[in-house]
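Below are two complexes that have chain A in common, paired first with chain B and then with chain C.
For the complex of A and B:
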């Protein structure tokens, strides 16, 4: 009997790429030992909270803080006047605009921060807030961006010159005092010409409503200024801790080496925690003023009303085709409601994000996109809610336009997609709006999806259902929702992607310990994606040490290498690539050490799973564990001691994950209740690192898509009052409303990524929203529906049925 | 005379006694006064369930209960369900079946699930979905949470049978 360890055993022992490794994060989370920002307690810590505006547009005549300061436990009340001498009453936004930290003479949206009460605890702060007296003079409110562009009411006096002229903004000339920018991509003249001469043109206007990422944990921070050492430590729910450090340094004047930003465990982000918010600035100032640590934590209403809305795009499209359905041109105009300040979180050169991916998965020869950003009396934000910079809007637009065109052509929408897909051999494919898609095999994915759900069978069943409905045998319609999406993620190449001038590379630093375990630190930060689990898997495969022997650490700017953080599905495409590249540097040095130990030339050894072996003599080898020890205990000629590496990775291109989704829905026309009978999701995210985590990401993204498509919105009334400020009104699906999903995959690796991975966290949201929406719309197609706006809540579905005469 | 109330509680088996303002919320007591930070705050309106604890055998959302209402009662939080040396089967199952991502809802989710399985040791999928509908998760889409609860139920029933 011999107990031989096989090569397969050695591979399995690593728990490297491709296996469903259980998450190392879960022990602490399941035992209530996570460390979220609100769990942080420091000696003498104070609590800050905001007086917020009840009005959407008003001038502030006076603020009286005297009564509040009498409240036991209240230490200070900050207003714009206190911040002005520091130059901190306004702050720059990520979109090249500026934003009031505390109301400077007026307010522009309901819930805007007016004063910051600092107290010994939350109750005292709340008591203080009640007693701050603000005298407001109401101003006319504008909640409609189209009206805003015609209105005489000036929302931002600070952006109008003294002679009344309108200076250019960060993104070029402005057409009106409430206009922010016009952004264009593509060839307008040719597109107009193609559409004017086309055999078939379909047109549609659609509103992608305002919503909110609403992670279960709200935003917050703890600022602690150590006046003895001159060091500021800032813990917070930051999706980009290093960028926050740089921003804090730039606006506060504190040297960057004296600022330490720490993102502890984060309770979901989904884009909400990318931006810089007044709460952070006020906490820092309050800590400097009081000399004590200051905590600020949003409540849910603050969160929904003020930090980081998403979407709010009014999109108008034209799509042209031949009679046979070959698409010839696409035109899109967007009126983008950005609220009172332009605080969109996009790379600097992309004021409408990557909306110019709106040609989707289709070979469309000519296209033109124009986006107009507009100020209104709504909260600022415009973040990418589980998507990469407006890709959700782009994919929704094209996947609705395809459906509308199919109706116009009286053609099956699955077939229309198939004949227009970019073909496998066309990759790398340069789209009409400029992007170079790295790889794809859309036809294979589409055919697999349609076959899996028996698409033809479903259509036959649907036709029968329509007959039955007309015959009075049922009151339920059946909808088949299709979507095929291409994402653009992993921003991005430093040559065209930066945030506040910071190139969007990312990083990984590895230290191998003498006994053959390791720590790796990255510039990203997990918010539930399981980085500590999956990045260790990438490394295990690259350096041949078990994932269980590798600690992954993120989120502390004093220890982690500089990186741009986690959003836009960039962690795996960018930091994951950096991890692989740093691992390869380790391996290169290990190869030299191994060759020395084995007394052969460097090129005479090769890497095999967890060791270097002499070529042609596999019994002669040194394991990575042995090599690690040798790196620390032997003087090897020409090689420095130690085994460490760092990589800063600037990706040559974005990655383009894609997928094919099908949703089958029954809709009760009398109640408007949709029942999701089946949801099939095929994702191609390139190389798969951890199938269990991929599946979990898909389930979650689809559920957030269900929410947005079927009811979740931030709604305002005409006075600018937020109507959906609590979870009573803002729809978050429960286990009762969510179906079981079927997941599937194809694998088309990214050709330029070191391990071929593309990113997956946001795909299901991007592809899911149009799929759910298309299912609702498809159910009503036989009765003359071409398009209705989301969210398709019960009332709106009922109204659609009613308008189509189905209740008669 | 102080307007504070004399409160006595038992939390995770430990007796606690203190004076508190009548308006003090139980979640505040747990997190700020007793340093029990497993239960989280998600909504403050009873909708999300991140603050779920068990009080005298019932699942309760600690964000909307005054500590005065909990006086004299026996409270269990996630910290009382199991620790490194004696994990609750649900804690194991949630890890095994990827029933969590960011972890923020997890303490409330597991605390609620433990109560659900106590009330109904053999729940159907629909019964789990209905019984867990007071706990919101933004990350998982629930599918693996359901799987985790089913696995824990099977495990608990098997060890009960083995013990009998």
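For the complex of A and C:
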């Protein structure tokens, strides 16, 4: 008997959406066959590295490069004076500010790039660096943004007019010479009035500390200027290769068609690799000057100290409610420490990113947000570390304010959330600070989560634990961390999202080969997310060819269509949509071809998994493989040969993934050591393309959340010295510190996304940080704690216990 | 993170090592596992124009368990300590402590000799060796001499070993009674916030002898004789524990760093010591 190929078999054969297809990338990564930028070796390649400032604020009186130039193998030492004639001693930042490429008369943070030593290898460069003599005159250091706004010390003399007045910046008027911008959202007067007349108001100040994305692979590039054909090739760890090409063209004057930017395999980005760094500019200049390829690779300390930090938000909140707990208003003020230059990576119209999503998952009728950006003597950055622009800050803020309000109301924090959630029937929902949430079903997710962890049972156990603690039977407290988050990802609609004028659409271009396999190229670039796996799955379902027969290519600007890259969970919402739309164009043409081949009218055939069938006569069909062959090899009247499509997708709205997390923690009051007993994470990212990859993303995001909540920070001393410049002090969790995660989901598809997907890579980080933090804080709630700042490392947890009088 | 240029020597015997040391004096330094020294060189905090690798010098990697003492060669790795079953029964505190040092990758390279010779207050084995009353044997141009671990440490990175001497072995009197090595750290691969090594002998319900040493709470390891004495003759009850902790606190002198301020470290040191004593006592 002949084996029947069932429809199910045909679906399974595609490995399309919804299947846990194994990652195609892993074969090379697990065998050490990845190709990262530091693996690139070109003939005659030189190596460049920086002389960096040991001071956080100093004037540079002189730079003597003569001894360095004596070192065998050292070819050149570039300083600002060498870049000035080219106009490249400063460069524009993504935030509309400018940043020194090499110190121009002064330095503004420890580790700032002062000179670029170009040598035959990295060893000679390192020896040359030691011998560059820089004469510094130390200046007063400011590491506190509040002090900065009061200080007479001018950090950025370039931003003060000759008559001493302070010209407006890229985001409007500036109040003080160290002030960058004020950004507002919402209705101040109404919010003030609501809060003034409210039955209950809770207030809190919180510091979301400075940390760093710390990808395993640091930043780097290889620049190669071919003087014969005038073409510059730039390989690098770029999360946005096309944007880099355009920026390089704009600042160097090299025409864009003569620049090829290639992002090879990237070992994690998490926002760290979005911006443009002095290393890129110096490598390009050095390659032009020497006519040879030049490589620049950061070491770990360079990476932690100088390229793109995250967070550093001082947030002050007020939340008002009725006695029953219905929230009536929310107010938030942020003092944002941006360091020496404003190099935040946000859509240009949003200098504080999407901080205005800080009303969270709640139906809050009035709200007001104000953010003041401030210069200090710290490294520039302010990137979205595994989150959409400033969404971690926003979600941390609201999820802490909810807890603080629950304490004030003496109410259960889970219940307080439940009575304030935006209800399912309210979507699409326009929040008080302006965003239109596309979809959600928060109550269902919350109830499922609380049931899964037996929330009431946990609270009973916790109450018993407090009794036992008070009776001297135990020295461990139990904390139950709750968090319900709504992300805002998929930037974004070109009408309001651009970076330096570059619209934030994305793209996909597909070519079907005659024998029924395909290549698709996108404007995004994977840094570990598994795009080659998942985008092929989207296409498999859309065009009916097996995912295994579809190659996904990204990261080469000479071949990939223009796009704005991968960060802010935008790849699936934007490029994923472009992929589906391009696939649909393929399908539309395939339908005409199928109809011709089957000798029926176009409307008489319909798509079924991997073929077009004649309606009502399923035995009459043409498979996509057959159609592909015909597309190229059969003369079909009125239809051009070939089967290709391209789509540029400008999303109509952002997508709003959400989730419900619960963490159970035991805390040793005497040592401050927390132990995570349980972590439950329910994510709703809409349509699920690959459940296995989702789970992996959730594990990774939660682990980075654990890091940030429990110890990871970039700390400075009063002199502006970085105290956490190596992995001994900068906390990067390993399998040892990470608990077992339980993952779960609900599915609420995005109504405006072609396949209903929302993006998930960053949700666990956004929701995880407040969840871990709330667990710590909740353990101390019975003893009078309302809020303590992260990171909750041992000594800070111990300090909380100590301040609450829990030590004898 | 690239070290300054250096000359690499790989002598085949101790005479060769001593010859290079003699020739280059201060400019030469021996390397065992390299997991403390190489990071220092890469950070350019240590400048070693002549690096002498001890890997090929024979006779430094043996573990011998005698009737009343244990001899551990300087080049025995922390991983080898953990893997040695004879040691695990003769001196189980060694395995318990070694398992709390760094991570498996570091322990495959890091040696006992390097750990005790390094002189970094963060290293775990110096305190451990003081607790066990070990003796370090060094060899130099004038031959061999023995230095008790309890007299070896002078200040951070300053020890009783002369620059031209090489540590060859550690000799430990066979430990008796219950033991514990208790360490609090922020994460895997971290040096101690506070650590305590305790070896305790119980006779008929009372403590006959106790040795206590603390790690990373001063610029040297701290052997607290008075803390041990506070336990002797007691039933290691709450009062004795308190007295031992109080005595230890008098002996340590922690400094503030990223692990926390002094008050926190002292508090944790007390908690850690109490737990170590309780565990050791339960095993005695």
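By definition in this document, the second predicted complex is superposed on the first by the 808 of 808 C-alpha atoms of A that agree within 3 Å, B and C clash if a C-alpha of one lies under 4 Å from a C-alpha of the other, contacts with A are read in each partner's own complex, and residues count from 1 in each chain.
The criterion applied here is as follows: a residue touches a chain if its C-beta (ideal position, glycine included) is under 8 Å from a C-beta of that chain, and two chains touch if they have at least 3 such contacts.
Please read these numbers as outputs of a predicted model, since none were measured by experiment.
S.K.: Between chain B (first) and chain C (second), which, if any, makes contact with A:214: first, second, both or neither?
M.R.: first
S.K.: In the overlaid three-chain picture, which partner chain does A:487 touch, first (chain B) or second (chain C), both, or neither?
M.R.: In the superposed model, A:487 contacts neither chain B nor chain C.
S.K.: In the superposed arrangement, which partner chain does A:736 touch: chain B (first), chain C (second), both, or neither?
M.R.: Both partners, chain B and chain C.
S.K.: Quick check for you: in the superposed arrangement, does A:711 touch first (chain B), second (chain C), both or neither?
M.R.: After superposition on chain A, A:711 lies in contact with chain C alone.
S.K.: Taking the superposition on A as described, I'd like to know which of chain B and chain C A:798 touches: first, second, both or neither.
M.R.: In the superposition, A:798 touches chain C alone.
S.K.: With the two structures laid over each other on chain A, which partner does A:724 touch: chain B (first), chain C (second), both, or neither?
M.R.: Touch status of A:724: second partner only.
S.K.: Touching A:267, do we find chain B (first), chain C (second), both, or neither?
M.R.: So A:267 only meets chain B here.
S.K.: Would you check which partner chain A:30 touches, where first means chain B only, second means chain C only, and both and neither mean what they say?
M.R.: Only chain B; A:30 stays clear of chain C.
S.K.: Between chain B and chain C, pick out the one touching the greater number of residues of chain A.
M.R.: Counted on chain A, the partner with more touching residues turns out to be B.
S.K.: Looking at A:123, would you say it contacts chain B, chain C, both, or neither? Reply first, second, both or neither.
M.R.: both
S.K.: So which positions on chain A get touched by both chain B and chain C?
M.R.: Of chain A, residues 122-123, 299-300, 728, 734, 736 contact chain B in one complex and chain C in the other.
S.K.: Going by the contact rule at the top, pick out the chain A residues touching chain B in the complex.
M.R.: Residue list for chain A touching chain B: 22-23, 25-34, 36, 38-39, 41, 121-123, 214-218, 265-268, 270, 297, 299-300, 527-530, 692-693, 695-697, 699-704, 726-728, 732, 734-736, 738, 740-741.
S.K.: Help me check something: in the complex, which residues belonging to chain A touch chain C?
M.R.: 122-123, 126-127, 130, 299-301, 670-673, 711, 715, 723-724, 728-729, 731, 733-734, 736-737, 793-795, 798-799, 802, 807
S.K.: Considering the complex alone, what residue numbers of chain B touch chain A?
M.R.: Touch list, chain B to chain A: 21, 23-24, 28, 31-32, 35-45, 47-48, 50, 77-79, 82-84, 87, 90-91, 94-96, 98, 100-107, 110, 128-130, 132-146.
S.K.: Residues of chain C touching chain A in their complex?
M.R.: 1-2, 4-5, 44, 103, 184, 186-191, 193, 258-261, 263-264, 267-268, 271-272
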